[in-house]
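All chains are identified by letter, namely A, B, C and D, in their written order; residue positions are counted from 1 within each chain.
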Amino acid sequence: MIRVGIVGGTGYTGVELLRLLVLHSEVEVAVVTSRSDAGIRVDAVYPSLRGYIDVIFTAPDIKILAQCDVVFFATPNGTAMQMAEQLLERGIKVIDLSADFRLKDAKQWGHWYGMEHTCPDLIGEAVYGLPEVNREAIKKAQLIACPGCYPTAVQLGFLPLIENKLIDVKHLIADVKSGVSGAGRKAELATLMSETGESFKAYAVNGHRHLPEITQGLAYVAGETVGLTFVPHLTPMIRGIHATLYGQLASVWLGAKISLDEIQLLYEQRYQDEMFVDILPLGSIPDTRNVRGSNNCQISIFQPQGQQTIVVLSVIDNLVKGAAGQAIQNMNLMCGLKEDLSLKVIALYP
Amino acid sequence: MIRVGIVGGTGYTGVELLRLLVLHSEVEVAVVTSRSDAGIRVDAVYPSLRGYIDVIFTAPDIKILAQCDVVFFATPNGTAMQMAEQLLERGIKVIDLSADFRLKDAKQWGHWYGMEHTCPDLIGEAVYGLPEVNREAIKKAQLIACPGCYPTAVQLGFLPLIENKLIDVKHLIADVKSGVSGAGRKAELATLMSETGESFKAYAVNGHRHLPEITQGLAYVAGETVGLTFVPHLTPMIRGIHATLYGQLASVWLGAKISLDEIQLLYEQRYQDEMFVDILPLGSIPDTRNVRGSNNCQISIFQPQGQQTIVVLSVIDNLVKGAAGQAIQNMNLMCGLKEDLSLKVIALYP
Amino acid sequence: MIRVGIVGGTGYTGVELLRLLVLHSEVEVAVVTSRSDAGIRVDAVYPSLRGYIDVIFTAPDIKILAQCDVVFFATPNGTAMQMAEQLLERGIKVIDLSADFRLKDAKQWGHWYGMEHTCPDLIGEAVYGLPEVNREAIKKAQLIACPGCYPTAVQLGFLPLIENKLIDVKHLIADVKSGVSGAGRKAELATLMSETGESFKAYAVNGHRHLPEITQGLAYVAGETVGLTFVPHLTPMIRGIHATLYGQLASVWLGAKISLDEIQLLYEQRYQDEMFVDILPLGSIPDTRNVRGSNNCQISIFQPQGQQTIVVLSVIDNLVKGAAGQAIQNMNLMCGLKEDLSLKVIALYP
Amino acid sequence: MIRVGIVGGTGYTGVELLRLLVLHSEVEVAVVTSRSDAGIRVDAVYPSLRGYIDVIFTAPDIKILAQCDVVFFATPNGTAMQMAEQLLERGIKVIDLSADFRLKDAKQWGHWYGMEHTCPDLIGEAVYGLPEVNREAIKKAQLIACPGCYPTAVQLGFLPLIENKLIDVKHLIADVKSGVSGAGRKAELATLMSETGESFKAYAVNGHRHLPEITQGLAYVAGETVGLTFVPHLTPMIRGIHATLYGQLASVWLGAKISLDEIQLLYEQRYQDEMFVDILPLGSIPDTRNVRGSNNCQISIFQPQGQQTIVVLSVIDNLVKGAAGQAIQNMNLMCGLKEDLSLKVIALYP
């Protein structure tokens, strides 16, 4: 059995890791830390887990975590970079669900996250945990930087278009909508039911922290810098991300008149061996509820009125494929397990 | 492998059976019927099931269903009673999620359901599928009448009080709140988002069809007729039932001054071997989200201000413990399988 | 024009006062206080008010408030009792939407609100602002204690039964459901969208602060102490309270066999001159959306199965008839204005 | 008093007309038609209107409608074109909230609406009822084609950019999100609470009926054809439209380096005399709740990262400025009344 520790077990990504891991056939959840709830049973805070876990929250402590084989960080930004090195030194695999190791440029990271990076040496070692791009590197990694929720939905949606140089990468648009659980489990006015229910709004229009992460990832596959307008929105539901992506067919292709059928085929081929990316039949619409609670990404491609603009719809559950599920997918890969262990969870519909 | 058929696979209880059964290690879903969607792939109607099922909807046909070992009816009331006999004759186990065989009195059934019962002979043979009351009978049954969602939450909440003759059974009150999925997957004005969202109302105050089912069940354990005021309400969410139950401590006990601690202990003992009924610690509050998507019933007991009125809070997911999950629990029992096969599903929180 | 001040203008009852008062033909909103937002335009915090108000939040200051004719307190409990006396001395009418002056017993108040009452002398002077009971006293009052939201819905629903001695007042049950705006505009985990959305729960089952207020009000009209089991619940919507009230027909009446038609008539007569209490036709169901945003209370009466238990359904908008609307109704009465000025607002449906 | 008739009074735009018109100081609602509910009191179907209207639904009848001065059509598409001519002949003003007279090209109309236009002669006479563009024509009109909800939000958001030739009109993108009341009050599976709650999806990506209406309107002000990718989405709330609009700064301007401050000023100047269009201060975000129930459109402009893409956020309540409110605004103009009569309704927050 793989002994697993979770640092920051009281947030939504922490409890989601628990929901999936307590049923993982090869895993024992050994340590769950929480400063605020130390000493309390995990299932007293999360009664949904009653009967599945006997662990008591402990304060974070390297010596206790050192008994684990794998440690997940489900912490606010800035915590993993303080503790990762000590764990890695002890041969423990580290999977960070926060943003600490996502950006390759420490200075850029500091700019967007408002603090200095305390552990820039490890950035180079960290593997960006998007299995659909980095599977082989993930298998050999000791430190994984799990992608953010928006970056997962946007990158999976754009990848085949960019890899095949079908669209103008200087003028990409990502209009993305998220459920409010993406904001985390924090006492804040802005995410009260009375503030977010029955209302829809954009936010961070001038620049969201996930922007540099997305452009870094897209530039990596494009082989050149990309230009992206990224507008995140808050939609009155708990789970789910819906990315509506707009790309302009590159002029060379316009001349060559690639058809939507051909684009559809490219998408299907690109993801045919990916168990968690599902290209819907032409004309189908993905609905976030169809991936709610599951590790799936469902994608559809459209070319409205046969014009130059390609529209890609990409949906995930922000807490699963956008966080905890993808983290476990990475763990399975790192540990040589079947990639879908504990991830064969079907979306909750209705 | 047990070959399973589902009649009426396009409703919410049908798709919920599928969500749970396609991951059941001892089951093969062989037939799923739907008059309206015959010829269409099941996962075209329910994209949440893509990758898990290859079946195509077929029109209901006894000969095709006869190839199954177990047939579930997830149909509107009045359908199972037309087909059950032909299946039972062929040795097929029948589990009815509709109301056709729930009431022991065919005349009373006709009164509440607005049609004559076409198959009264089978009523006596049918076992009421509440495992917490009827486990041994269920194991030997060929025909199961699965309890309704309200009756499940209310009976599990009241049982220990009534079995121990602690309360006055002539003046029971059940104030129960349900998510809108309980109304089924039907095109109706009353359950539109615009009609039910952001609003709360009671309905069927003068008499709901589940009233005679609940009183029948409670009278069975009480050994006498019971008096129940049952007021169902619609709450603006999709899944979940919350029963708030009020009982007056019987005068004999008032004299004997049974304490809340003792009542709590009686509840814990009553359900200590029940894997799907969970008595919360004294003072804890059950929240429907903590059972959403799971087969659990969570129960708390209160005695406000130490007075005569006992308040029991009992929550389930109406589509799982209140329908599909309980039906599978019954199937597991009937087939000699472990009772929780495919039912170790953790609630989706948040 | 009546010059109005609002202390605590950044909470939900404060902004609701503003929504209604800025269109009041006889009122000028002169002062709106907020410690946290002092110096900021009111409509910068509440863009829904853009174009309707030019006021800037100021820190609370008796001298500034002294320029008003009427001061509303839309503050947390414990604030109004610090400032009311100084305003009353200056001849300013005070309308308190918090709980400070609702209970006639200062010791009881201290017990339920967890602090000592600093101004017990004024309690006797304060008039409980339920116009349907106290209209004449309100007209002459200088200090109004506005009823809580639960107490408004429960008292209006029970009053005719109790005034006519139709039910056993020792065994009343009030099962009440509230939208989350009732919890106020405070950064708290418990009322996040992710915590309250798609879920239903009870709370404060062992004793809610509104319990002594309700029993005080019911005892006043009953002429004797009453026994009430009061269970509040949180329902996943923003506005609205739905009270489901249960009373046992008193034995004398059981003998006399009062009919439901007669009870209906008593309700209609009791409220025939009340412009904000609306008895629905027999058999109709009140729905909270039908009073959302309005100052109305809609009530229905049932006698399920013709038995001893009378069920009353009473709905209000917790922020209007349960708070700001009722406060303005009181102000209109105190100032000799038409009682419905600025309150002819129709519910927002859908 | 202006005598008003409403044809199709049982839909959401019909009841919204009633909510606003029953408080209109110059209007008497004389006739409300409904085939299905003829003979029933309006307030029996809509209890939110109890106390405000005494009218009984009647079957639609030209002779009865002929007693009105103004007739609103709040009907499904295809009804107004059958009846408008007979009313206009009698000198009655007609305001159509459906799509019958929105498109100037009858053939195109037939293509998008799936039926032949039965009254093409009147199309030319109809004035498109967007007061911010057509105020003077509206004042003199006898027949108004009220804009659709999406077209209202999109056009008001794009107008200043296009009128000032700031953006490339061949590559416009409108990513628009709507609450479900936009789908109307019809018994349909797709808009059930259980289908739309807690989920987000796009729809009609290949072409929505409002596309030709929007391009017609934008082309009119652009003086040339425009290219628009329009993707509508359904968001889990009842009321509200949020348009996120993307335009590329035209190259001439790129050279001239127009600043965001200058664009902001152009927007403010464009709408300075418009009482229902509100340009928010730079950096502010519009939230649909801030216009819920009101006739306002709130707009913000952004230029993320100072790049070529201008992002405009435009929000309305689809049932008010997107339907009933705008219709009444048109009526006020046609009848020489103050434009905001009965429309000074403040948004319901929270």
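Everything below uses one rule, namely that a residue touches a chain if its C-beta (ideal position, glycine included) is under 8 Å from a C-beta of that chain, and two chains touch if they have at least 3 such contacts.
Just so you know, these numbers come straight off a predicted model, no measurement behind them.
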State the chain with the largest centre-to-centre distance from chain B, centres being mean CA positions. D
Quick check: how many Å separate the C-alpha centres of chain A and chain C? 45
Measuring from the mean C-alpha position of chain A to the mean C-alpha position of chain B, what distance in angstrom results? 37
Approximate Å spacing (C-alpha centroids) for the pair chain A, chain D: 38
At least two partner chains per residue is the criterion; list those residues in chain D. 12, 181, 185, 194-195, 197-198, 236-239, 286-287, 289, 292, 350
Chain contact topology under the given definition, line, ring, star, complete or other? complete
Which residues of chain A touch chain D in the complex? 171, 173, 175, 177, 179, 194-195, 197-203, 205-207, 227, 229-231, 233, 235-240, 242, 244, 246, 248, 283, 285-289, 292, 300, 302, 304-305, 307-309, 311, 313, 315, 350
Under the definition above, what is the set of chain A residues touching chain B in their complex? 12, 15, 19, 22-23, 44, 46-52, 181, 185, 197-198, 238-239, 275, 278, 280-281, 284, 286-287, 289-294, 296, 298, 344, 346-350
Going by the contact rule set out above, which residues of chain C touch chain A in the complex? 12, 180-181, 183, 185-189, 191-198, 236-238
